[in-house]
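One chain, subunit A, links the two complexes that follow: it is found with subunit B in the first and with subunit C in the second.
Moving on, here comes the complex of A and B:
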């Protein structure tokens, strides 16, 4: 376990709001090995983005990490100083966001936006950094990369902008890339291209990826392992094949049972299928299991005690009383 | 190069604008009661032959449109007529005073823009913090103070009581300084009017910058900039501010006529020998040609200032430039 690139232990992130304290992340454990692609799935509001932002320490000032460790190459990011974090971000951990249309600064040139991390973290001169940015743009499949350096974001399509974001993320050869729904905002045809690109380059650059998505199809095609998140906790973690073949947690089972067929006309994008009932209010959670209000197998114990995340088979952990030996 | 094309295109747009301004002023003056002949022949009256000759000489017998056309051409060739009071060419009178006004306006505006933007960024950094609240109160006060009152308070405090700064004029005429001593003397005389105008204009710029920064800071590319490892300072000043300045520049451009009104008041309070004073004197003396000349000149000034604003906007925002 010690050779994991990232090892999140019992992470709790809370927000102070007018409705009380919103417990968005409640004890997340997550390990990512070298070169591994770990998928993080869960419905909207389950805390995927807050987990990612916690790792990057980019939580808005109304929120904070109240407990837990974020061990990255042996260093606890949860306790790192602002200075230390600035050296990690964009350098050893890079992040790709959901909205390529708004992730680039509209008034700065593409070349400057790709190369600034190289100047910041690698201390390259402007000319060196631009020349490397040009190579990077070539590697992410942008035609005529030299000319693109002088372009502004509005001159590029959404797919090209996301390629630019990938080039920027790879620039400093990070150990870990966190991609928060990198393809959700793109056309279906372009989604596949961008994912393939991300996975190819991840192999070439030898980094690990935390891939956050709503889309079970994306997970099955790209991830090595999957963590299913529910109400701020990991409900189940397993190898991709295991999770799709023998899901254990009632929530995961629900998701799998209603995976939409690819040729069906889909509402919105390929979102997680809807399971009856709603996500519990993270400011006023009931005692016991967070899934109790929607679970077909709920029993008395589920309402009294919160189940722990336990390894019930090799490399397969579940948070549910059904598997309490 | 596209920036150059952008500037040239904007320059071409200013010609019809200027013609419109002159036309409006022409129509306003011609729809006012009385005509120039009455001024010349006075109360006593004159025979109709003389009146007819004068009318022909001055082109007043021509149709309105011809008169307008001639007037526009005359103005465009730089002839604004002659002052009734001093008989000097109006344009000469204006150009003689213009440098003093330009100096005052440019200094105070540079100062208010730089300080206002920095304070705005500072306030937006921690919204609703003690610093933000204090700056908000100060800025609200700053643009609700009447400028002549503020000017007189400055004179009272720093002129009379503390006796730190001169309270009138642009230089010490008795000493007759030249060269850099003169420049220093002018700078010394400028302190109170510049500070007064800066305080007055600072508040609005600061409020606009703050609001605009708060909006920009919530956008994705700012989050991306932090995720790249940039420091807060770089993110705010390099990535966010350039975007946040766009609405500030727009509103400041719209405020230019108000700026001139403020300058007129401040020049009067501080006896600054600029256009503001000239306008004030022209109104008191009913010097119509001079007033008309001033209107046209101010229109021209506003048009040029707006052109500058457009260029700055184009420099800041590539999306405008490349359209």
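Moving on, here comes the complex of A and C:
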């Protein structure tokens, strides 16, 4: 698949901690095609955010990419220099974070924050950059964009701040946007606005999106393909409709069942089906499958050998021995 | 859900006895909580923030009342008003028929044993320098109950009840995961055998799989101990799952109050409808487009005229900007504060007017047209 915008191959990212080496990302493969929205879903500690930060080379100094390739437009970002990365970040790959209040500079005016990117990467003059910043703010649905240029972040609501983040991300027409929990801090009605906006913009600007979230609903409404992460690995990857109609991995299935449904009759006892136990400690993983301690279908083989991520149906890969024909 | 017929420990006021034969455990009458505005130099007329602005409702014994709404709607403030952690600036909170504002400090302390709260963030709700045993026995120490060794036995029983291992009693909060810590908070809340627990976003900070475990624990404890819950959450899925009735709040007011099944099947208030429709579905969306509300929630310092929701309401008419609607009963057990509740609109399929006995059937019929589930 040479036409993929981003191609992550066997990515391993480890962190040194007091408790030993934490293997946060353990061999992730991920492809994102042009104009495609790929969802990366998982619970805390699954490695989804570390994967994203590895792609952007934004992992803290206690961590490092120990193995693997991150191929983006013919360049391996895993080995790119700091200088090369500065040309990529915010320019060809842009990132949107969860909390717009902490990712916007509180002492800079909105206009300056959005136009800085344009001046830095596209060499526009201050006036040109401000004028384009105004257009961008209008494009992401901020009312009265001209007046907003002079505002500080605290003067805007959470939803408006996230729109500013998106405008900044779009400023250089990136090939890829990495959105890390972009709507998690927002209320549902505002979340709906932001998701609609992201999809609109993706279509108009033709960029690809890597959408990271813990929310299966957000994935289901916006992504084309979904990768489910568990304990630093991709457990399952499929087209969004396939994944929701026919989840194969016991973890995916358990996760979907444990979300209360809106349109199903409530069980008489009001009890939800749960996945027992908790996520394993990434510093001392057992041999074999990482999900073995919580899996209802665990067999002897799962405790001995780690299952590979294999294509068991068309475009549907799963990391589980249950599907070993 | 079994109704707890527990005898009243305190004689209710005569007026309340006359009110109802089946006295609710908790009754809020026009509860208001205004926070004074920030005073600036030479400005003393700063407007008050009307965080809760006239909420009236009852919570029956043994039931779970869900309170939903977006940030700033006043649901958490209302939760604090119920416990008098933030005494209301107006209105009454009647617990077991007794107005909490009339109690002395001594009486209030006794009352507090019967009502507890579980917060969202189990990290900050537990003292990091105390062991679990010390945290769980604190309430007994404060109230001078039991001997020290009895207290530890009680604490072990509590740990067992919330699904934690009793030998972990000497551990500190940081040695537990988020879900386990929330179990500790729940254990602490039930230590004094309360009647009412206010759960303020109690499962919101937890991962999906852990959230399901803690929800199941809450449901099990409710049955076992005959607890009454006020379950405050922004998560409409969780609220549907756990609540018998649900109140929807917007800008400090209750805009809809209904039994859970009817609300989720056919909301009466346009805001409830928008809120439900904005929620992402699992799997492809069937039936009904998503209503995307324009704009943000207005400031509670300067709420819009008339109905506070009118600037964002897709159904608004002239009257809405002028006259604030009261919370009225539009169908049996279904209250909404709207001049033009969605009841009046001819609904496709089951009409919401045919409530009551046909409810369970209707809900089944209705499901045929909806997705029956995203999981095989």
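Just so we're on the same page, the second predicted complex is superposed on the first by the 312 of 325 C-alpha atoms of A that agree within 3 Å, B and C clash if a C-alpha of one lies under 4 Å from a C-alpha of the other, contacts with A are read in each partner's own complex, and residues count from 1 in each chain.
Please note the rule applied: contacts are C-beta pairs under 8 Å (C-beta built on N, C-alpha and C of every residue); 3 or more make two chains touch, one makes a residue touch a chain.
No experiment lies behind these values; they were computed from the predicted model shown.
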Which of subunit B and subunit C A:287 touches, first, second, both or neither: neither
Contacts of A:315 with subunit B and subunit C, given as first, second, both or neither: neither
First, second, both or neither for A:120, with subunit B first and subunit C second: first
Which superposed partner A:159 touches (first subunit B, second subunit C, both, neither): second
Partner contacting more residues of subunit A (subunit B vs subunit C): C
Touched partner set for A:108, first subunit B, second subunit C, both or neither: first
Common ground on subunit A, meaning residues reached by subunit C in one complex and by subunit B in the other: none
Subunit B residues touching subunit A - in the complex, by the definition given at the top: 219-221, 223-231, 239, 242-243, 316-319, 322
Of subunit A, residues touching subunit C in the complex: 43-44, 157-160, 187-193, 195-196, 214-218, 220-221, 241, 244-247, 253-266, 269-276, 278
Of all residues in subunit C, those that touch subunit A in their complex: 70-71, 177-180, 207-213, 215-216, 219-220, 234, 236-238, 240-242, 264, 274-276, 278-285, 290, 292-293, 296-297, 363-364, 367, 370-376
Complex contact set, residues of subunit A against subunit B: 56, 58, 85-91, 94-95, 97, 99, 102-108, 116-117, 120-121, 152, 154-155, 165, 168
